[in-house]
Structure formats: structure tokens, C-alpha cells
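These notes open a run of structures that come right after.
Below, subunit A partners subunit B and then partners subunit C, in two separate complexes.
Take a look at the complex of A and B:
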């Protein structure tokens, strides 16, 4: 099959897929007797239409960018990291430990340390599957899934048995003082009042640029892509496959852990049981829809942020549309952009190249 | 519809009228801006072997794909047995009695031969009747054409040559009268190729028509009745094989005179640059493949390793290049032993002054998804830029330089490497490995799947390296190549060096026998040239009973 021009591959195809997902989603909304156009309107308004909604969208987007990058980074090395959920969860431990240790200090000091400490915890958690893959050949797909479960149990124990202060009923750690928390943007920008978006959002944007530079502009990134495209050729090129796998997995875990900075440091101010709440898994869809490229990851993270925030708004405003239906629509987006992402490639390719071949005859 | 009687009505209608099995008239095919077939006329006589030669990209495969129904021609007519047909897909082609044996086999590895043969041509939902009938049919085919093969063998366990026979059987079972073979000997050992040609001879004697696509002129001369030459999408000439010569065909293919013999002066060996001592290497499953090998390569000489594929050459090459842990033994480059611990030994080998052109450029030497400039620095990526950042401008400049010096076409830095022809990919690899001025160059299959024009160029570059005082170790399954390039030939069999020969005096038959481990007397041409720790040939041959090697070269 003739490859599509780059712009069609990068822009037109994803757009077409998202449109298809919404069309099918619209049919489902229609089938329960609701007005799909109205639903889309509410969704868009809820996500972008007013300050607080937009703030929430950006807050979710922040999570999804980090989780998406955690999957993308590993993907460039040919590894399928399904573990950002667990990596973010364990990263939360690092964030809260440094936060509690320095509780009461100014955020300008604590924020960088939260990033570093969280990154170290997330990296350590992801390093173990990386090590097992590199040295023992245990497949990271399997081990990272299992490590998500281990993280849930381990963190559940740590939170409810160790971190939970006396006299608190819910499973959560002691809170951070206001001055120690990552500042939310509503403190500076009136538009974002009542929304949790915080400084970590800018960290996410910076991370997108950093990953682009790392993957396409450094020797390390060259080696990562060599490994991901052809491990035998990477070995031929003197690149240690084992070292690369361990490094890239640790790095992916560090990025996943930034989800915890956003949530634990920036919003809750404490470590709450199961705070990641699926953001890590959404990262997988984000990475695949964005084809591992930071621009794509940024845009698809925004799309999913919109689906999350707009979807909640929709469930609230249109009682006929349940929470499950919104999950269905999100699933449709994942289905059409991820699993069936290449479905429209054939027809599109024919549309592009039929006239060309005819022209060649003249 | 069954596989057994493919619509005889369709086929026999014009059979009496035409002595031509296949006739192509005015075939045109474009791929975007590329005019792959330009007004091609081709007439293939029934009961003959018709060769089609041409460089990579000349349009041979496109033409055959049109005949086999993979592509539809933009214009032109296909006549089968004198009757015009619009061949819409390969099923249709099969119904017309046209079968194809692809370069890369289309077999299910974990099915038996019988199951593979009937796959897609089952009579009914129940498999047993089909299999029983096919078993009898296969027996007939085996008897008629010498296509002996155990119908119950698992295809994955067969040698490449045997798998190819299964492909031929598949086509014949489906009633093929005309067989298209695309580069059939590319993957075969010389003995297997001979066997294939005997089969083709029998098929021809039984009235089948064979179209043989190849770039090996010796094969054309040996087996074909007529030969058609294609160049840049055009049919240059069709002529009886008896009226031509390899030199003439090469000239027609390339469009200029080509030297088939390599011209080189005498070697002036200097000091030892590469030294291999008692090297033992195991494969990925722990089976020893190199069993105690000793040799030296001096500055300014080319040492060729001759052997049937699968006798340890690949492991030897990879081990020297630092890609495979040695079990025991020493490799010295420039007198310094290589430490090959860990899985980045290749980087250390390079640092020591060794460059490696791998046997399989697509699997190992290149990353096909990378742009050309990215592949031009593969293995040397650390040398581009001082800090963590990759000096892309420098890398691109280097790539441009390589492409110019080695005439890589198109000289497009950003073109995906997969989109270059085999010869141009190989030139890119050679440029990368040669231009870094290594002391030792190890080269595997330098011209595999490469056009005649490019072969000449590559051979000359290797000679140039030698004359510049580099030590070159050459591994090739092409005996001709080994003989014409090497200053010394080492014969490898079953992981051991079983002899050394002088290419000027070595006899091809003797070399061939030695490569298969079946030579029984000592024919080392210059006994004095053997290193003293070399296993004596006599002893080696007594230890080794002639054994069947056919199952091991499946890669």
C-alpha cells in the first residue's frame, strides 16, 4: 500500500478516527432517546466553556500527558509499559514522604524536591520490570501489569497501616500545609477559580519538549530508537540492549510519577488510597493515539482531558446519559483511534493515489 | 472448485493454436511517478526454461507480479496459451495454470508438508479425504519430477532447499503448467541449487514451462533455453541462450561493459592485525558452532572463509565483531585482546579498530525505519557531538559525503532506508564501515542481493581497502567471490577450519568437496602456510564422518 503523505497520516487520519468515534457515540446517545448534538454541546461547554471547567480539563490533561509520555518513552525502545498506573501510585509515596518531611516549608523549595523524590520512587518501581526484562527475559507487558497489582496492595498497606494518622477515618496520609503544596493557578489567574490545575501543568508542557529533544536530538534517544526499531542492529551498533531497557523503564517510571506531583502535591495535599484512579491506563491510549510523538501525546491528552471533564459535566446535566455511557464514548475513542486506528488508512490511501496513477499515463 | 482439476476448459481452448505458453504484449505499469514496466513484450515458448535477467529495480518482479495477478497492468494484454486474459488475482492465475514460487516462501512452518500443499485447495470441510487424495498425488509428482519429500515432515524442520521443493509441489498440485521462480537459488547451497536445476530439467522434459528470474548469469547459461534482459523497466532483448555469453548479458543488463573478474595486484602482507586463537562460539541455544578456530589476517591481505552456509561462519563473524560471547579462546585486534563481556562488545570491537559489514544488512546492519543519514552513523553514534546531544548537522554532512563517495542512489539523506535498493543499502553500510579508517574489516556476504554493476564497485572498494594496508576477513557463500577476492582461502566445515588454499591454484571441485566435509585426502596446496596449532586436516577428516548438513542452514 502506498504510504500516505505525512500531514494526512498525522492530522487527517486521527481526526477522521475521532469523528467516527463521535458518530458512533452519537448513535448510541440517540438510541437511548437523547439528543446527541445537545450532548456534544454540553460536553464541549463543560470542558472548555468556562474557567473552572477548562481548569479541570487542563488538570486531567496534565495527568494524561505524564502517563502518555511514560508509555511513549518505553514504546520508542520497543517496550510496552502498561505500568504507569502503579508507577504513579508508588511515585505518590515519594512525593508525600518528602512533603511531610518538609511540611511547613515554602513550596518553592519543596516542589523541586517532590519532583525528584517522586521521580526516584516511580523510577525504582519501573526499574524492577526493566531489570527482569533485560536480565531474565520476563516480558515487561506481564511484569508491569503485575506490578500495578503489587503497587495497589503495597500502597494500600502503607497508607492505611503506616501513613494514616491517629483519629482519621478515611485511608489517607496526614495533610501538607498550604504553603508546602504545589500552588494552583487559580491563585494567579482568575479564570481558573475553583479548579485544581496547578504548576505541574507547566511541568507537563516542559516534559513534552524535553521528551522530543531526548528522543530525536540526543545520542541516547538515537540509541533508544535503534533498540526499538531493531534490537539486533542495536547490538551490532554496540548499544547495550540490557542497559538501555533498564534505563528507559526507570525513566518511564519517573515520568509516570509526575502524576503524583500533580495530584498529591498539587490538589489533595495528602496521599489518598487509589488516587491515580485510572489515569495511568488512559496514558496507554494517549500514547498510542499520539503515536508516541510528544505533539500527538499532548493533543490526545487534551482530548482525553476534555472527555473526562466534559463527560462528568454531561452526566451531571443530562440525567438520561449515565456515567457508564460516558465511559462507553471514551472507549469508542480508544477503539477507533487505537485498536482500529488504521482502518481508514486503506480507503484514504486509495483516495489519494488513484488520481496520481491516472495522471502518470499521460 | 478443487485444487486438482483447475478448470481444464479454460486452459485447453487455445492450447492447440499456440506454441507460446505465455505472451505479454505492450505491458505498462506505473507506481506513482515511477514507470516500472515500459511497453514490455515477452513471448515464452511452451516446454522451455525462459530466463529473465536484470538488475534490481529493472522491473522483473513487477512484470511477474502482473502475470501472477498481484498487480494489474495499466495497459497491455496477457495471452495464456494464445488466449487473452484479464488476470485479476493469483487465484485466477492459478486457474490458468500459472504458479509462482516466491523468493520468500509462503509456508506455514508448523504444518506438515502435506498440510501446506493442500492449504487453500481443500476439497471439503473435512480434511481427511483431501489429505488422502493429496498424498497419492504427491507420490506421483515425486516420482515424475524427482521431488522427493516426506509428506509428513514438519515444514519448519526442513532445509531451505526442501522448503522450496514444497513450494514447487504446491504449485504443481494446483495444476500449474507454467512455473515462475523468483530468485530461487538466492537462499540455496550450491548442492541444493544443483538439485533444483535437475528438477527444473525434469519439469521441462515433461512439457512444463518455466520462467526463471535471477541475476546469476551462470544459472542462466546452465539451464535456460532463452533469456530476456530487462533494464530500467524496459525489455532490452530476448535471445537464445546458446547465442550469448555471460559477458554479453552483463553488458545488456547494466548498459555498459562490466568486468566479471576482479582485477587486483599481488598482496603485500604486513604485520598481523587480526588474530583468532582457539575460538569456540556457541549459538543462541548453547550448541557449539565454532569449534576451536585459529587463524591470522595480516595487513594488506584478504582472507576468505569458504563454506556452505550454516557451518559456523556467521557465529565466527559475529563473535569477532563483538556481538556474540565467545565460549573460550582469544581474539586480538592490533595485538590487543578484545574483552567481550556484556552485550555491548560491538562498541569495544569498533574502538579497537575493527569494522564489520554484517552478513544480513536488513536484520543487522541497518535500521530500515531510519532515514539514510541516521543509518550512516549507526555504531558510531557516540562520535557525533560532545555532550548528550547528537550533532545532527555533522551526521548529515558525513552521510552526504558517504553517499557521494559510494554513489548511493538516490542521494536523499531523509529517505527511509527501506526504500533504497539492496545494492544501495549495501553501499551505505560499506561506506559507513570503510570510511572510518579501521585497521581490520570483517565482511560477510558483501554482494548478497546486489546488482552486477554494484558488485563490481563493491569488490573494487574491498581491494582498495586491502591495498591501503587493512586486514580483511571475508565470508561469503559465493565461491566465485571468495576465489576472486581472497589472497588466501580458509575452508570452514562444521565449525572448524579444515583446510587452506591458494585461490590461484585451488580447484573448484576440491574446494567444494572440502566445504561439504567429504574430501578424503590432504590437498592443502601449501602445507607450510598452515599455522602450527591448526588441527591437522587428515585427523579432522577421519574424525568427521560425512554428515548431512542440509537441516541446519535454515537461519
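Take a look at the complex of A and C:
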């Protein structure tokens, strides 16, 4: 099969796949007798039409950028990290511990420490599957799935039995004081009133640039990509595959843990049960849709942020549609861009290289 | 003494009940993975099967039609998985993950659109469910000490799917290790090229495996919604597909051990609430969460090779490309 021109490979093919995913999604909405175009209109309005809606969109986008990067980073090294959900959850423990230890201090001091401490916990949680893959050969897909479940049990125990203060009914940690929490943007920008988007959003944008630099501009990134493309060749080139696998998994876990900074540090101000709420899984769709590139990850995170916020609006306006339609779309995106990503390659390739028709025009 | 016996039978009885969906899903995954197709999507198929079964049963009033719908839904999901991983040679893991989300999203979405009960299907009763069957002589033997208790409570009084699940284990063992189809199935999972060279279609064989997978896991889904419970509720598979996958790995892709591991995981599930708040000698109080996490932890430990080694079928996860 003839290879496609670069722009078609990088832009056209993914776009086609995403369109396909949304078309199928539209058909499903149509099949239950609802109008998909009306649904899209409502979602767009809910996501961008007013200040707090837009703020929520950016808040979700923040989560999805970090989760998307956590999946992408590992994928560059040829590892499928299904564990951001659990890594973010455990990262929340690091965030709340440092937050509670320094409760009452100014956020300018606590915020960087939350990032570091959260990252360490998330990295540690992801390091174990990385270690088991590198040293013991256990498949990282299965272990990260198992670690998501183990995280749920472990954190459930820690929150309900250890962190929960006396006399509180619901399972949650003690709250952080207002001054210690990551400040929300509504304090500075009137537009975002009533929405939880906070400083972590800028951290997410910075993370996108950082990952671009790391993967495409450093020796480390080169080793990661070499490992992902051809582990045998990478090994011959003197790269220690085992070491790289462990480092990249830990790094992925650290990025996933930033979801906790956004939520525990910036929104709830306490550690609650299951605060990650699926954001880690959205990261899988975001990473595949964005093809692991920071620009792609940023844009698909925004798209999913829009879907999640707009979906909320949708559930209010069209009672026949639930927010779970978004999970369906998420699944279709993973299916068409991830699993069947090359489905359209054949037809597309034939379209580009029709032997005689194209030559005849010239 | 009698009370202890009653207690033990009760726990074992719920062990059996909780193990049934695990057994069916495990065996389902066994066919697929033995043929070289990794099946992370068991969870999704279980969920889709449960939903379709409950929805159909609610509408038609027949548990059997419900069962058929459950299997049908699992077949559709298996079909998508096959299309992605056999025809388009895509990544099987990603496809499975997508199917899990697809099931989670679609069941809630369609459930709300069709029934408007916040993700629940209507309550099922009577013929809409598979009801317990009393085996012959259960009543007569009731007064026989020990044996009567075990026969009457533990062996008799389950629904038909439970018996099907337990029969499916020896049948699978026979098919896998004694039949020609089983030989080919094992071969295609280890070395598809050999199968191809022998003039047997790899694609056809793998699709056959996926169909058996769908039938078994579809029955497992139906068990959840129209046998064990009286209706579907949101995300009712609750990770059982993943536990079944863990059991399969734990059993090293063999049917007999898979049954034992599923029973063990079912047992852990059954004693979970009994041990809550109880103190044990030497260990003290065991938190519920530790029991919940145990299947996953055990699987990780096994995968790491600390207690034996789990080696997957060699060709699992690799799409087969015929040479030109």
C-alpha cells in the first residue's frame, strides 16, 4: 500500500475517524427518536455559550489534558497505560496530605508542593506496574487495570478509616482552608463566575509544552520513541529498555496525579471518594484521538471538555438523552481512532493515488 | 453444630451464586484468548448482555427471549471486536477497552431513552426471570442429616443458568483438549501460521471462537439481570468481567482451574459482608476493602511470577497477516 502524504496521515485520517465516530453517535441519538443536530446545538451552547459553562468546559479540559498526557507518554514508549484513573486517585492522597500538613498557609507556597507531592504518589502507583513489566514481564495493560481496582479499595479504606475526621458522616477527609486551596479563576475573571476552573488549567497548558519538548527535543524523548517504535533496535542502540519503561510509567503516573491537584486542591478542597470520576479513562480517548501529540491532546481534551460540560446541559434540556451518551461517544472515538484507526487508510490511499485520473489532469 | 452446618451451606450457596457469572465470562474469555484474540471487553459484553436480556424480558415477558437477546447483544459486540482485531488488524486491547465504554454508555443511554427509569429496566417477575429449580428428591431428602441440607440447599434450588455454567466447564475441557476444533483453536492461538499452512482459515477459526465467547458471556450477562436479580441497573456488571479475566489468567487459560479460581473469587465475595467488623485471632479486624482487592492483588502477584507463571497463548494480541 502506498503511504499517504504526511498531512493526510497527520490531519485528514484522524479527522475522518473522529467524524465517523460522531456520525455513528448521531445515528444512535437518531435511533431513539431524538434530533442529533439539536443536541449538538445545546451542547455547544452549554459548553461555550455563557461564562460559567465555559469555565466548566476548561475545568474538564484540565483533567483530560493531564489524563491524556499520562496515556500518551506511555504510548510513545509502546506501553498502553489504562491506569490514569487509579494513578490520579492515589495522587489525591499526596495532594491532601501535604495540603492538610500545611493547612492555613498561603496557596502560593502549598500549590507547588501539592504538585510535587501529588506527582510522587501518582508516580509511585504507576511505577509498580512499570517495574513489573520491565523486570518480571507482567503485561502493563492487565496490571494497570488491576491497579485501578486496587486503588479504589485502598483509597476507600484510607479515606473512610484514616482520613475521615471524627463526627463527619460522609466519607471524606478534613477540608483545606480557603487560603490554602488552589485559587479559582473566578476570583480574577468575572466571566468564570460559579465555575471551578482554577490555576491548574495553566499548569495543564504548560504540561503540553513540556511534553512536546521532552518527547521531541531531548535525548530522553528520543529514547522513549525509539523504544516505542522498535524495542530491539533501541536496545542495540544502548538504551536500557527496562529503565526506560519504569521511568516513563512513573512519569505518566505523575501527570495523571495532576488531575488530583485540579480536583482535590482546586475544587473540592478535600479528598472525597471516587473524585476522579472517570476522567482517567477519558484520557485514553483523548490520547488516541490526539495521536499522542500535545497539540492533538490539547484539542481533543477541549473537545471532550465541551462534551462533558455540554452533556450536562443536554441532560437538562432533552430528558430523553442522558449524559452517558458522552461515554458512548468516548467509546466510539477510542474504537475508530484507536482500534480501527487504519480502517480508512486503504480507501484513502486509493483515492490519492488513482493512477490515471490524477495524471490525466496535469 | 447444626447452626455451623447451616452457616457453611449458606456461604457456599452464595459462593455458587456469585461465581456463576465469573465462570461463564471466564470460559468465554478462554475461547477467545486461546484463539489468539485478547478480550479485555468481557466486562462490556457482560453488561450489554445483562441489559439486552432485561430489556427484552421486560418487553416480551419471556426470560428465554431475554436470554436470546443477551446473547445477541454479546454477539454484536464480539462482531465489532472481530472486525477491529481480525479484519482491520487493529489493536485488540484498545478495541476491548472501547467496547467496555460502549457498553457502559449505551446501556444507560438506551435504558433511559426506552424506559425512563434513571437507567433501571422495569422490575421483572414470574416468567420474566429464570427461577430456582428444585431437583428431584430435594424435598424427600430434607430430613436426612448433612446430606439433605447439602443437597437441598447447595445443589438443588438454583436456576437453570447456574447448572449450565457448571456443565459448561467439563464441556469446554473436552472441546479444548479432546476435539479437533479444540486442537485447531489451541494451535491458532499459539502459531496461526501453522494453521494457515494446513489449509485452515485463521479468520474463520477466530470468528468461531468469538461466537462461542459471545454466547457464553451473553448467558453470563443474562444471569446477572434476569436470574440473579430482577432487572437491570446501571453498571451492574461492576467489574466482574475484569475479575473473570483475572481468574482466566490465574487459571493459566485452563477450564478446570478457571472453575476453581472463580469459586474462590466468589467465596471471597460471599464472605465479604460476614467478616465486616469481626475480629480474628492474630490478624485482628480485616477491612472489607482488603477482601475486595484480594482477587486483583493475587492476579498481579501471579502475573509477576512470584507464585508460578502465567504464560498467555503465544499469538494472543497479534493480528494475523497472510503473506502475499
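As a convention for this text, the second predicted complex is superposed on the first by the 349 of 362 C-alpha atoms of A that agree within 3 Å, B and C clash if a C-alpha of one lies under 4 Å from a C-alpha of the other, contacts with A are read in each partner's own complex, and residues count from 1 in each chain.
The rule is simple: a residue touches a chain if its C-beta (ideal position, glycine included) is under 8 Å from a C-beta of that chain, and two chains touch if they have at least 3 such contacts.
Given the structure is predicted, the values throughout are model-derived calculations rather than measurements.
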Query raised in the report: Can A:32 be said to touch subunit B (first), subunit C (second), both, or neither?
Result: second
Query raised in the report: First (subunit B), second (subunit C), both or neither: which does A:232 touch?
Result: first
Requested in this report: Report for A:157: first if it touches subunit B alone, second if subunit C alone, otherwise both or neither.
Outcome: second
Requested in this report: Tell me which partner A:145 touches in the superposition: subunit B (first), subunit C (second), both or neither.
Outcome: second
Query raised in the report: So, A:220: does it touch subunit B (first), subunit C (second), both, or neither?
Result: first
Query raised in the report: Who wins on subunit A residues touched, subunit B or subunit C?
Result: C
Query raised in the report: A:243 contacts which: subunit B (first), subunit C (second), both, neither?
Result: first
Query raised in the report: subunit C touches which residues of subunit A in the complex?
Result: 28, 32-34, 80, 82, 132, 136-139, 141-143, 145-147, 149-150, 153-154, 156-157, 161, 281, 284-285, 288, 319-322, 324-332, 334-335, 338-343
Report task. Using the touch definition up top, name the residues of subunit C that touch subunit A in the complex. Result -> 40, 80, 83-85, 88-95, 97-102, 104-106, 108-110, 112-114, 116, 119, 239, 242, 245-246, 249, 287, 289-290, 292-293, 296-297, 299-300, 303-305, 312
Query raised in the report: What part of subunit A is in contact with subunit B in the complex they form?
Result: 2, 217-223, 225-226, 229-230, 232-233, 235-243, 353, 356-357, 360-361
Requested in this report: Under the touch definition given earlier, write down the residues of subunit B that touch subunit A in their complex.
Outcome: 28, 30-33, 35, 74-75, 321-323, 342-350, 356, 358, 363-370, 374, 377-379, 381-382, 384-385, 388-390, 392
